Each structure stands twice: as structure tokens, then as C-alpha cells.
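Note that the chains are named A, B, C, D, E and F in the order they appear, and that numbering of residues resets to 1 at the start of each chain.
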Amino acid sequence: MTDISHLVSLLTVLLLAVFVGFEVISKVPTTLHTPLMSATNAIHGIVLAGAILVTAGLFASSHGAALTILAVAAVTLGAINVFGGFAVTERMLEMFRRKDSGR
Amino acid sequence: MALVPETVARFVKSGLAVAVERGAGSEATFADELYTQAGATTAGDAAALLRDAGVIVTVGRPSDAMLADVRAGSIVVGFLNPLGDPEYLKRLAAAGVTALAMELIPRITRAQSMDALSSQSNISGYKAALLAAAALPKFFPMLTTAAGTIPPAKVLVLGAGVAGLQAIATARRLGAVVSGYDVRAVVKEQVESLGAHFLEFDLGSDAEGAGGYAKELTAEQQERQRAWMVEQIGANDVVITTALVPGRKAPVLISEAAVAAMKPGSVIVDLAAEAGGNCALTVADQTTVSPNGVTIVGTTNLPATMPADASRLYSRNVYALLSPWIKDGTLAIDMDDEVAKGAVVTHDGKVLIGGNA
Amino acid sequence: MNVAIDLANLVAIALIIYGLHELNSPATARRGNRFAMGGMAIALAGILIRTQGIGWQVVAIGVAIGAIVGIYAALKVKMTAMPQMVALYNGAGGGAAALISTVEHYVAHGSSMNDVISVSLVLSAIIGSVSFAGSIIAFLKLQEVMTGRPLTYPGQQFVNGVVLLAILGLAVWFVVTSGTLPAWGYVVLLLAALLLGVLFVLPIGGADMPVVISLLNSFTGVAVAITGFELDSTLLIICGALVGASGTILTVAMSRAMNRPLTNVLFGAFGAAGGTVVAGAGGAPQQVRATSADDVAVMLAYANKVIFVPGYGMAVAQAQHSVKALADQLEKRGVKVLYAIHPVAGRMPGHMNVLLAEANVPYDELLDLEDANTELPTADVALVIGANDVTNPAARNVPSSPIYGMPILDVDKAKNVVVLKRSMRSGFAGIENPLYELPNASMLFGDAKASVDALTAAVKAL
Amino acid sequence: MNVAIDLANLVAIALIIYGLHELNSPATARRGNRFAMGGMAIALAGILIRTQGIGWQVVAIGVAIGAIVGIYAALKVKMTAMPQMVALYNGAGGGAAALISTVEHYVAHGSSMNDVISVSLVLSAIIGSVSFAGSIIAFLKLQEVMTGRPLTYPGQQFVNGVVLLAILGLAVWFVVTSGTLPAWGYVVLLLAALLLGVLFVLPIGGADMPVVISLLNSFTGVAVAITGFELDSTLLIICGALVGASGTILTVAMSRAMNRPLTNVLFGAFGAAGGTVVAGAGGAPQQVRATSADDVAVMLAYANKVIFVPGYGMAVAQAQHSVKALADQLEKRGVKVLYAIHPVAGRMPGHMNVLLAEANVPYDELLDLEDANTELPTADVALVIGANDVTNPAARNVPSSPIYGMPILDVDKAKNVVVLKRSMRSGFAGIENPLYELPNASMLFGDAKASVDALTAAVKAL
Amino acid sequence: MTDISHLVSLLTVLLLAVFVGFEVISKVPTTLHTPLMSATNAIHGIVLAGAILVTAGLFASSHGAALTILAVAAVTLGAINVFGGFAVTERMLEMFRRKDSGR
Amino acid sequence: MALVPETVARFVKSGLAVAVERGAGSEATFADELYTQAGATTAGDAAALLRDAGVIVTVGRPSDAMLADVRAGSIVVGFLNPLGDPEYLKRLAAAGVTALAMELIPRITRAQSMDALSSQSNISGYKAALLAAAALPKFFPMLTTAAGTIPPAKVLVLGAGVAGLQAIATARRLGAVVSGYDVRAVVKEQVESLGAHFLEFDLGSDAEGAGGYAKELTAEQQERQRAWMVEQIGANDVVITTALVPGRKAPVLISEAAVAAMKPGSVIVDLAAEAGGNCALTVADQTTVSPNGVTIVGTTNLPATMPADASRLYSRNVYALLSPWIKDGTLAIDMDDEVAKGAVVTHDGKVLIGGNA
């Protein structure tokens, strides 16, 4: 029962987040498509948090080194996603800088 | 032609009988048949017509010979030049007619549709720009062509009343770079509302007088204005002048020195020629060329060069003036009417002028 | 402590959402990215605190490697290679999701898991793998390691179907057995999912890759959201769902900007690397870049100097008033707008002058041939509005051309050239215009009036 | 069962959100309302099932009365009275929230409650009461039972402060004692909150009521969301938060549409019933309705026939090209556009003709005085663009007016008249224009070119 | 602890719903302001659900008639809010009907 | 004037010596000093100038008397009317000159800047519209005034080549309601690209010939065209005709019947007057009035009425033609050049015509 109600609350959160996702992207100019894609890309880098959780979990009980390596690989990939994603976005958005001074 | 068939028909409909001198409308493209179709009678004998008529509508003013034939008590409507020739008024009064001077219709809102000065000035302004374009040895518009780029002509319009504004509009339509100038301060916005540039010159005081007309400038102001004009004028290919002060000689804005400052081939069209001209070198009714090759057009009656529309507008003005006074097939001027107070210059043998002008 | 972390997470989510919101407009996009970064930093800090530093050494190693690689590559890569970089990072995210599931699977191995976990575990593994493999292929295609051309072969549909069915079967097996299926089962599942990712992207052409990357991005988002269910983390659910949803919208917007339905992009097996090949005026194919009003609008709005080059097409479309309106709009933003008038543009001497004067374009913004050719090299954009022959560089450098020797407007010297015309048809001289194939040129197809109006609207909306 | 209800709730929420989304645009608004209704129906059905019909008789009575009253009033009320109807319904919602808290309070009476419940209970009671009382006052003002004028008196600020402090004090007491304070405490709290609602709305003028109602609407939303915490219902939390947030945005948008900052509306104690009083041309106050480009755009876009009445102001603003662009935009939507040209509009004979010809307005769309006055009574909108004297009805019916007897354009005979000018200043004749006070007239203040451009943009965006 | 985590999940839902609320109302034309206000008004009529819950709760144990009356009053007010709100909105939106046929 | 000071300066700069007949530029507003400033010499004795000159640039063609003074082997450039007067060519050949006919410059892209036919037609078209506006007793634009609404004039332009298109543009600028007509089908889009209306008439075949010029219609087609014109013409206040077929008499588009169908006061400006006229009643170089009051302007050399810009454009055309052949201060025509092949009509005592025209 609580399991179910917990699931329902997770689903509620999911539903609302989906709506936020749909609504938040309104009429984007085409030139922003790539930076925006890249920024959303960086956001799902939050998977790094999951990877960290899992890695920490491995240390709670004893598992083979193989799993640890997999987990660290997950952490590495997640970190690439987060750091690289934001950095790329930042660079792409550089080109809109002119505007701030230009006007 | 003072009345076009369309207007004749309207008078006939309101119960008046209209007679037209035979052939009078042909110049303005209105054949005699059109008048008879409209319900008028036509006759060849002008003197007889005058003797019969209760109301005589002309464009200019009846000659003294004609006045001899006019019945006492009849009404005469036309441009009578009352301020320019007071003597003539006395003769009108002597003839016993009630004379309405179209140029004295007051500039009140209700009388706009009777305002023949405006309607004819409008034609003058339009035609002045066309004449200038035709006389200029160059294009008005800018044109980029395979044989090079032709720069646009520069046109300056001095005096931006009704005629001046229409000249500005027409010159701009043709693609010239146009500026306007006037002594009345309100005109700046009006010139700019036609997309033209306004030349500013600080006279020290606004020269707006009664009825929206300009006041005469002081001698000192006039002198300063002329000096300034010498500086301004050389940059222009065409100058169209329309500056008038009611009842006065037209102000001289363009001195000989100013003409000398212009490039050969330039054109001046002086709409004030009849009132003495805004340019010192203007000869009324003639097109002259200055020693340095500036063409000066001193035309006096441009509306006459567009007789069809000029007549159409004038006759509508006359109809608007007279129709409120027609009741049951007879015309009786209401002498208390503000319009009559302004426009009637002689009545019952007396000269009334001074009352409103 | 945990309460504090929970509340910090709420703040992190708010920052990320708000950042995304700000990323919608060029004016605030940079700030938006910073907000999102801040949110991410808070969320990650929260996680580190929550795990109380258990295994921090290995985590630190992983994070350090990832951060160094990610940031270094991001800073070094050429601006033109950005899209493949995005693909790579996206693949990393998908891979991480798949790896998490794999680790969880082996941790739980043997013991049966509850349905929520088994379903989410297998889904995130599959979707993450597809995204991972697909992104790598997209990267290879864009990097031109692999050919950008669509790869198709007979029976492709059938193979894809078989792989998909295998995946579905294994997934169902996994859930039904509550994750206690034999070890090879999971491995095969993963491999099949990776294969599917490869097969999915292979038949898509290089020009369409941005759309595909965006789609894979939203896949990774979905995988992460599902991972959130697996790990019971609202943080992952929310961020993942956010990306899944906004990524979908973005994908649709991108394919719409390319004037193609999404299904066409994904299943059209059509579209070639870098540009559209169209029949040129001479019948020979010309490879040109078709662009959209939105793109051109941004180009114009952020330019310092734009030169309009009107031609007969502007006259035919009677677009002069629209052109003036666009100029006004740009000037309002501080862009300098000039008009280059070629001596024989149009069909009569002074044709452009007549029209532009009608639209009240001030004479001093009109440049004749010589002045225009002095200005053009310093212009950010030359906007060619229905002109053709008068911009044809063949007149300069192809002695055999019938127009050789005619002085032309050197629009190709401007930083960017955008050509507004309805088709690839030729102008008066009836010849092909090599201008359209230059790397700094792009075509905005359509009636000149409609295109210019669209530009004005798009500039206004910026 | 409960799982099914939970899932149904998710569907309900999705429908409500999507409905709200669709309500954004005139084209989909009706459908949006239906979606929201559907969602609401599902949610309410779920609750009834969940309570297993306990006490269904009394619930049925309550629902029946509420439904009958609500629907009957909604259908019977005049279109013009809609705003006060909305206020009333909003007050009902706020009252319900406050009553729920009250019931809960007495049910729990004596036994101490946990912090989440005590905080949310007291907050929802307070905010619900404020919203209830405030809405009733707003209703009374709009219904003109009470004067629409702002009610102010000396020391008002002080009184408000005291009441607010009292409420805060009692609320803190309530939470600190976990709801076990003496009975009178809660009663006083409620009464004070009601009083605050009254005091809050009293000093606001009738013209500003719509903004206030929108704000109270979002208050009720907040109250309901908090009630959700009290009753542990995500349904209430979500719907309440939705309304709280979107209502806030709406409130800001509404006050912006009135060209007034929100704080000015709420604390300005300024603004009178139905229209803005401004100094007319003659110095005497004229009571006119200022409108916004968005509103006029909808009016124009959904009209069948629109007549433009240009005057000297169009010339001064050099708005002729913009006017043509607006006409094009409207014609594209199937609206018939005509131009009424008064013989003396502008400052020279044919002034309007010259300008409109420059903008390429076809001659056959120009109506002269007589034709225009035949067409105007059948027009949906007469859009007066910088004309004044030529539309002044005083010329028809005020014999003492200096323009009496001049034939005018009878724009007042059109269904709606919108006047574009910069201020209430007079035209050439220097006289006041009673047209502006007519019930079918509204003013769009600003430079004619800017206003017309704004209209074009707004019509395009519809 | 579960209480707290439950509260956090409610707060998460609240946060997301607030974002949805902010994002969903984008550039509304002024003429839609009143209908939109009225529709959101009807939506907080969901308080009726709360009122029904509370009323049902009263029947679980015995309480005075006074409380029942208050609860029914809450139900009535909530019902007015829901039904009246939607009905008013529907009527106001009638005026946009022309568009569908008009074009 | 064939060369303006600006062009003279460019020739001088490229090493040629330029001599100008004294006073020749005054008509076009260019004084002798301007020429000497530009580096030319001026002389009063035309005969001596001709005897000295290696290249003679004129606008029209040198008279036979002048030819007597011309050196054999010198180059003559001007409008030589080679198709209209083959006899004259023989005299040119006899004089031993290399003659370049401006009207035979081929209409290839590169030669656009040399195309004096275009540049002068452009002036004619502009001026024709101005003349029509000046001659019409009505306004061109529509004007709503207090004295009533003036309807716009209707203008029909027959033949929409360079002159016709410019006439359309100018009439439209002035506010007239303009339609155009031409036998070549491509012209429809061009007329519409100026915002005017195109009158369609199905000839049964397109009449586009070589070089973008029109072909002559068959007798049957001409007859049908004239009959159709009678129906069309009455609705118009102004008709401007520019229809030409190179080397032929101008087609008669407006028969007497068509003129009769027009309203009194209407205006016809016939730019084809020199080639016989597009109107049956046209008298070259005269303005006549038809029995029913239609003014028919048969002007033949409108560019001469805008001498400043006409000369400027013409001399740029000449410069564009000759300058590629100037090397090291001498001018030598490259007889293999496509332009020379078209334009050189006599060379080495032989008449070359027929080669390209």
C-alpha cells in the first residue's frame, strides 16, 4: 500500500515534470536550438547523482571489483555529460554575447 | 467655367432656372448639350442673359461693360478681388448688385466646402510642381541606371499654405528631395506630415494672423529672411514660391542675389506672380531666364490650365455657398449668416467691406 | 541533515527549471545556463553529502576524469564540431544510465526485485543503451569518420524488426522473472539494445543528424527519469522528465525548422551531408543550404551592418513596403541598414529607385555600385531580395559567361549572404548563379514579400 | 480500487493542466475549458468513490444546491455582469477553504495536531477568509450596491496594520499551541481575517476591480493548495498551486494591460468606476475607456468589416505604411477593410489620398464621406487613426459648436469605435470631442505609428 | 522521518505545480484575461473535493450537527465555485465561437 | 551635348585630347569654362575642329556639310539612324569614316552601360508622363477635398519597353490609375512589378523577336489589335504610346475611330511620332487637337527637353563604348569585339550593315 502510494507520488512528480518540460520550451528561435539541446543534455547529466549513489551503495556491502569498475565508468560518463554539456553550452552561447554590448 | 453641368442639375433640382452662355463650357471640356441635358437653357446673347438673371456666377469678375447690363438687386458671385481693387467695388455698388467675393468667405469650419481659394490653390500647387518638373533639364527622382546614377532634384517650397503643401506633396511623389518653409510655426508639423523636410529660420516671432493667414513681416524681418534665403537657395534645383499675405503685395523672398546663387538650369516657379511675385525677377505671366540661366516661371492663373477640375471644384464651392439660401425655388441671402457677413462686399448700393475682412 | 538536503534539492530543481526557462531567449540564455549549472551543483553536492563520502575516492577519480575530459574537449573543439560534441556527451549520459542499471542488476543478482524496480531497471538499460550507441554513430557520421550518407540495405526493416522483438522478449522475460533470469539474458539484452541504437541511426543522413541527436537527447532524458524510479530519486525523475519532454518539443521544432515532418527525418533514409542538393538553373545539380526565417532573423538582428540587395524579384513580389518595414525593425535594434542598388537591377532603368522611393526609403541609404562594393566586405549580412544576375560572381571570373565583364555587386564578400527567391530558377540572363553554392551563402526560399514579412515578424519576436 | 483512483487523479490533473494550456489562445479556449471540466469531473468522481458514499445524502444536498445556484446564476446573469459573477464564485471557493479548516479545527478540538496540519490549517483559514470577504466587497462594488469609488479615511493604514498584526499574533499562538488555544481565539482569528479582506478591497476603485478579483482568485488558489497539505491531498495541492501561480501571472498581465504597476492598483486608492477620468481637451474631465493593443487586435481580427478613419495624426506619425500593413494582415484573415476619407481630414486638400497612395492602398478601398456614412453603421469597428474634428458628433448635434454644420464621418454609428491618438488634446478646431465618452468608444493612446504597428503584431500573434 | 519525507514529496509536487502554473500562462491576449481568470477560478473549485472528504470524515465519528452544517456549507460553496465557474467561463467563451465559423 | 565635362575629364585622363565647339554645352547647362577646367580645348571654328579630329562624337548625325570636313579614317559616333536612312550610310562610307551607330549596340549584358537607346528612352518615358499630366485638364491623383472627390485619371501606356515602363512608373507616382499593354508576353510581369495593371489581349502568338525587341505583327493581327483598342481606349484619360519595331514604321495602334471614342479633354502622347506615330492622327513635332477635343502630342525628341541629364547619360554611354578601345592614349576599335560587330556601320569605305542588325 505505502509502496503503491509512494509510486503514485513519484508518478505525480513525473507527470508534473513532463508538463513543465513541455511548457517551458516555447517558441525558441532556430539559432537557439543547438544550445538549448546542449543545455538539456547537460541537465540529464544528473544521472551522475545516480551513479554516485550506486557507487556508494557498492561500498556498503562487498561486491567484486568488476562492479566497482562499471560503477566508476558510470560516474565518469555522467561527469562527462554534466561538465562537458554545460561547457559546450556556455561556449555556444558566447556568440550571443555581442547582443548585450551591441545594443 | 463657373458652373459645371453636374452643379447646374443640382440648382435646377432645387427649383432655380439656369441659363448658360453658349460655348462657355467648351474650354473646360463641357459641351453645351451637357448643360441642356442638365436642365439649363443656353443662349448666345450674353447681354440678354445678364439682363434676365437674378444671380450671376462667374469665375473672375464681370467687366464694367457687363455690369452695365446687370439688373439692380441681382446677385453677383465670383473672385472679385475686393482687397486689391476697392474702386471696382464702388462700381459694383453703383450697379446696385449684391456682390459675394469668393475670396472673402471666412475660414470657418462650416465654410470649408465653399472655400474656392483653397480649391483653386490646390490646383495651383499641383500644377506648379508639374511645371517645375517639366522645365527642369534634369530628372526629379533619383535613378540608378546602367549609364550612372542620377541624383534626385532638390525642391524648395516657400510658403506652405494650401498651394505650397500640394506642391510639396506632388514634388515628393515625383521623387524629388523636398523641403518647405513658412513663417507660420504650425506649418512645420504639416510639412513633415507630408514626409518633407522643414527649413527652420528664427524670425523672432510667429507670423500667424487672423483666419490662419500670415501677417506681414516687419521690414527688418524681411531683410533677414532674404539674406538667409541667399544662403539656402543654391542647394536647390527648383524653388516653388507661394507666399502671400492677404491684401498686400506678396513678400519678396528671393532677391536678385539669391537667383544669382542658383545653378544654371535651375527653375523658379512663382505662384505669387499676380501679387507682385516672391522673386524679385519674376515677370507676371511670363517665363524668363535670368542672366545665370535660371528659368523663372511667372505664371498667374494655373487653375485655368486645368479647366475641367478647376471648374468642377469651383462650381461645387459656389453651390455649397448658395444652396443654404435657396428656399422654395428662390435664393435669398441671409445677411446675418456668418458667411454672408464675410463674403458680401456690396449690398443695397453700399460697399460693406471692412466688416469681416 | 537529510531534510536540509531535501530542501536543497527543491532549490536545485527550481534553479534548473528556471534556467531552462531563460534559455528560451537569446537575451537571457547565458544567464539561464548559469542557473541550470548552479542547480546542478547544489543537487550533486547534496548527493555527496547524503552518501556521507562512502567510496569518495573512486567517485572522485571518476568525476575528475569525466570533468577533465568533458571540459577540455568542450573548450578545444572547433565551433563547427559542436553538434557532434553534444552527441558524444548525450551518449555518455545514456551510457551512464545503462551502466547504473547493469550494476544494480548484478548487485541484486539472484534475489528477486519488486516490479517497479525490475521494470524501470530494464527500461533504463535498454533506452540508455540505444541512446549511447545511437549517439556514437551520430558522432562518427558528423565527424565524417563514417560517411554522412544514409546507409541502407535490403531487408533493413526486417532486421530492425527482429532486433526489436528480441529486446522486447528479453525485457518481458526479465520483468516476469523479477530480474532472476540467467546472466547471459541480460547481456544479450544490452547488446541487442546497443545494436538497435546503431541500426536506428545508420540510415539517417548527415544533414538530419541534429534532429536525431535531439531525439536521442530526449531518449537519454527518459532513461534518466526511469533510472530515478529505479533508485527512488525524485531528482533524477524530475530532471529526466524535464529533458524528455522539452527534448521532444525541441526535436519537433527542429524538424519543423527544416520543413520536414519528424517521421520523414527518422524513416526517410534521405538527406545528404551539409546542404540540400537541388536542380540548379542550368539543370545541373547545385548544392545549396536552405535556411529558415528564424535563423536569418537572428543573423540580422545581431548584425552590425546589413546590406539589402533588391532585384527584380522584389519588384515582382511588390515587396518594397515589407522591405522598408524590415529595415525599420532592424534599425530600431541598432543595426545599420543600407541598400545596394545595381545599375541594371530590375527591368527598367531606376526600377529599384521607383519602388524604394514609394516605400519611403531615404535616398541616403541607397548605395550605387561603387559605394556598395566598398561597403559589402564590411557587412555582416548581404540580404539579396529577388536579385540574381546582378550578384552573379560568374561575371567577374568566368570569361565564357554571357554576363562576363558586367560589374556586379560583390555580395559574396559579405560575411554572410542570404538569398531570398522562390526557387533555383535563373534570372533575366538565364544562367546559373555559383553564388548560391558558396559556404557563406544560404537560401531562403519563397515569395520575397512573404519571406521578408516572416523575417520582420521573427526579428520582432526576438 | 484506490490505485485506480490515484491513477484517475493523474489523468484528471493532466486534463486540467492541458485545458489551461489550451485556454491561452482564442482558437482553442473553449476546448480547453471542456478539458478542464472533464478533469474536474474525474477528480470529483474519484473522491466520491474514495469516501465510499459516507454521508452522501448531505453531500448530495450541498452539491445540488451549489450546482443549481452556480449554474443558474451563470446562465442568467447579463454579459456585462460577468466580472462580479467571477468574484462571487471565487469568494465561494475561499469560503469553502476557510470552512474546511474550521471544521477540521473543531473536529480536532483540544487534541494537539502536528505542525504541518496546524500551520496549513491556520493559513488556509486566514487566506480563505480574506479571499471570501474581499471577493464579496468586490462583487458589491461592481454590482454598484456599494459605490465604485475608492473608500479611504484617515488612519486607514494604521487600522490595517493593527488587524494584520492581530491576525499574525493569533496565528502564531495557534501554531505554538498546536491548535489547542481557547475557542474564542480561533473565532477572533477568522473574524479578523474577514475584516482584513474587507479593508483590503475597500480602498480600491471599481475600474481596478478585475485586477483585484484576479489577485483574490490566486489567493483562493493558494488557500486551496494549503488545504491540500492539511488534508494530505496532492489533488488540492496541485490544482491550488496551479491557480495560485497562473493567477499571479494573470494578475500581473492584467495590470500591465492597464498600463499600471500592480502596486499602484492595490495601494493607489485611485481609479473610479467604469473608465478612466482624464482631462478633456477643454480642460473639463472626460470619462473615457483606455484600451490595449491586444484587446483591439482581437476586436479587429474577429470583425467582419473594419473601417479605417485616417486623419492628421496619421500624417504626423507618418503611419501610412503601417496602416497598410495592418489592413493587409486583417484582409489575410478575411476581414473586409475600407478607408473613410473625410474631405478635410489632414491639413491640405487630398492629404490622406497622397499618403495612402504612397502606401499603395487601392483607390477602390477609399470611401468618400457619403459612401462612408452608408457603410459605417454596418461596420464592426471604426478605427480612427489620428482623426479628431472630422469625427466629432458635436458637428451634428451641438448648434453652439464652432464646427456645427460640418458634415462628419458618423463613426459613432459603428458597433465599436477605437480612437488612436496620443492624448486627449484637441484637433485643429480646438474643441472637445464627445465621441470619446460614448459607450461604444475606447481610446488607444500613443503615437499612431507605434499603435498601428502594435496592432499588426498583436493580430499576427492571434 | 517518513512524515518529513512525505512532506518533502508534497513540497516537490507543490513546486512543480507552481512552475506549471507559471509556464502555462504565456502571452494571453487581453480579451482572454477574464475567461482565463474565470477558468482558473473554477479549477480551485477542487476544494469541493476537500469539502466532501471532510464531510465524510464527520460521519466516521459523531460530531455535533453544527459541524455538519458547516461542512455542508463548505460543500455548497465549493460546488458553486466549480459549477458556476465553469458555466461562466463557457458563456464568456461563446463569443469566440464566431471565429470557428467566421473564417 | 554629346560629352559632358565629367566625361571629357575621363577621356583626357586616359590620354586623349578633347576639343569642344564653343558654346555647345550651354543648352545643357554646361558652360565652356567647365570644359576647359576638365582639360578640353574649346574653339569656335567647327570646320577646323572636324578637320583635326580623330574621333567625332555627336548626338544626332553629322550633316552632309560637316561630313565634307571630316578626315578619312576618323571615327564618328552618334545616333546615325542606319536602318531608317541607308543612303546616308553610303555617304558616310564615301567619306571614309568608321561610323558607330549608337542604336545598333547589341543588347548584350556587357553593353548595357553603352546602351544610349535605353538611357534616352528612359528620359522620354519620364517626360511623356509629365507632359501628359501637364496637358490634361484634370488631376492625375485622386483627391478627396472639401469641394468634393476628384477621381484619379486613368492612364494607358501602349508599348512597355524602356520608355513605356518609365512612363508607367512616373504616371503611377503621380497617382494615376495606370495600365500597360505590350505585344511581348514577358512584359506582363514587368508592368505588374511596377504596381500597374496589364491589359491582356490574345494575339495568338508572342511577338518577342531578337535582342528583346518586338517583331512586326501580321496585317491581320494589327487589324484585330486596332479594333480591340477602340473598345479599350474610351475608359482612359491619357494614352502614352511607345510601340516601336526596330527598322520599321511604328505600328498604328490608335485609329481615328479610337480617338473618336475618347472623351473631350483626353490626351495622347505619342512617343513614336518620329517613326510615323502609334496614333493615326499624330503629327510629328506638333500638338494637335482632334475634332472631339482630344489633345495629341506628337513630340519627337523629348530627351532634348531635359538636356542636362540627357547629355550626362549619353556621354557616359559613349565613354563606356569607347574606353575599352583606348590604349596608350590612342583609340583603336577592336573590330572583332561583339559590340563593334554590331555597332560599326561603315568602315574602310564600306557599308557593313546587315552583319548584326
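FYI, a contact is a pair of C-beta atoms (placed from the backbone, for glycine too) under 8 Å apart; a residue touches a chain by one contact, two chains touch by 3 or more.
It should be emphasised that the depicted structure is a prediction, and the values quoted were computed from it without experimental measurement.
Visitor: Counting one step for each move to a touching chain, how far apart are chain B and chain F?
Guide: Each step joins two touching chains, and the minimum needed here is 1.
Visitor: Which chain is most remote from chain B in terms of Cα centres?
Guide: That would be chain A.
Visitor: Shared interface numbers for chain C and chain D above half of all numbers used, same, or below, different?
Guide: The interface of chain C with chain D is built from mostly shared positions.
Visitor: In terms of C-beta pairs in contact, which of D-F and A-D ranks higher?
Guide: Counting C-beta pairs in contact for D-F and A-D gives the edge to D-F.
Visitor: So which chain is the furthest away from chain D, centre to centre on CA atoms?
Guide: F
Visitor: On a C-alpha centroid basis, what's the spacing between chain C and chain D, in Å?
Guide: Comparing mean C-alpha positions, chain D is 40 Å from chain C.
Visitor: So how far apart, in whole Å, are chain A and chain E when each is placed at the average of its C-alpha atoms?
Guide: Comparing mean C-alpha positions, chain E is 34 Å from chain A.
Visitor: So how far apart, in whole Å, are chain A and chain F when each is placed at the average of its C-alpha atoms?
Guide: Spacing between the chain centres: roughly 74 Å.
Visitor: If you look at chain E, which of its residues touch at least two other chains?
Guide: Expected reply: 9, 12-13, 16-17, 19-20, 23-24, 26.
Visitor: What parts of chain C, by residue number, touch at least two of the other chains?
Guide: In chain C, residues 17, 21, 234, 238, 318, 343-344, 349-350, 354, 357-358, 360 touch at least two other chains, as defined above.
Visitor: Which chain F residues touch at least two other chains?
Guide: Answer for chain F, listing residues that touch two or more other chains: 112-113, 118-119, 122, 141, 143, 145-148, 150, 173, 175, 195.
Visitor: What are all the touching pairs of chains?
Guide: Per the contact definition above, the touching pairs are A-C, A-D, A-E, B-C, B-D, B-F, C-D, C-E, C-F, D-E, D-F.
Visitor: Provide the residue numbers of chain B that touch chain F in the complex, in ascending order.
Guide: Touch residues, chain B against chain F: 26, 28-29, 31, 112-113, 115-116, 118-119, 122-123, 126-127, 130-131, 133-134, 136-139, 141, 143, 145-148, 150, 170, 173-175, 263-265, 293, 305-309, 312-314, 316-317, 320.
Visitor: Okay, in this complex, where on chain A does chain D touch?
Guide: Within the complex, chain A contacts chain D at residues 4-5, 8-9, 11-12, 15-16, 19, 23.
Visitor: Of all residues in chain E, which touch chain D in the complex?
Guide: 3, 6-7, 10, 13-14, 17-22, 24-60, 63, 67-68, 70-93, 96-100, 102-103
Visitor: Which stretch or stretches of chain A touch chain E in the complex?
Guide: Of all residues in chain A, those touching chain E are 9, 12-13, 16-17, 19-20, 23-24, 26.
Visitor: Would you tell me which residues of chain B are touching chain D in their complex?
Guide: Spelled out, the residues of chain B in touch with chain D are 108-110, 112-113, 118-119, 122, 162, 165-166, 169, 173, 189-190, 192-195.
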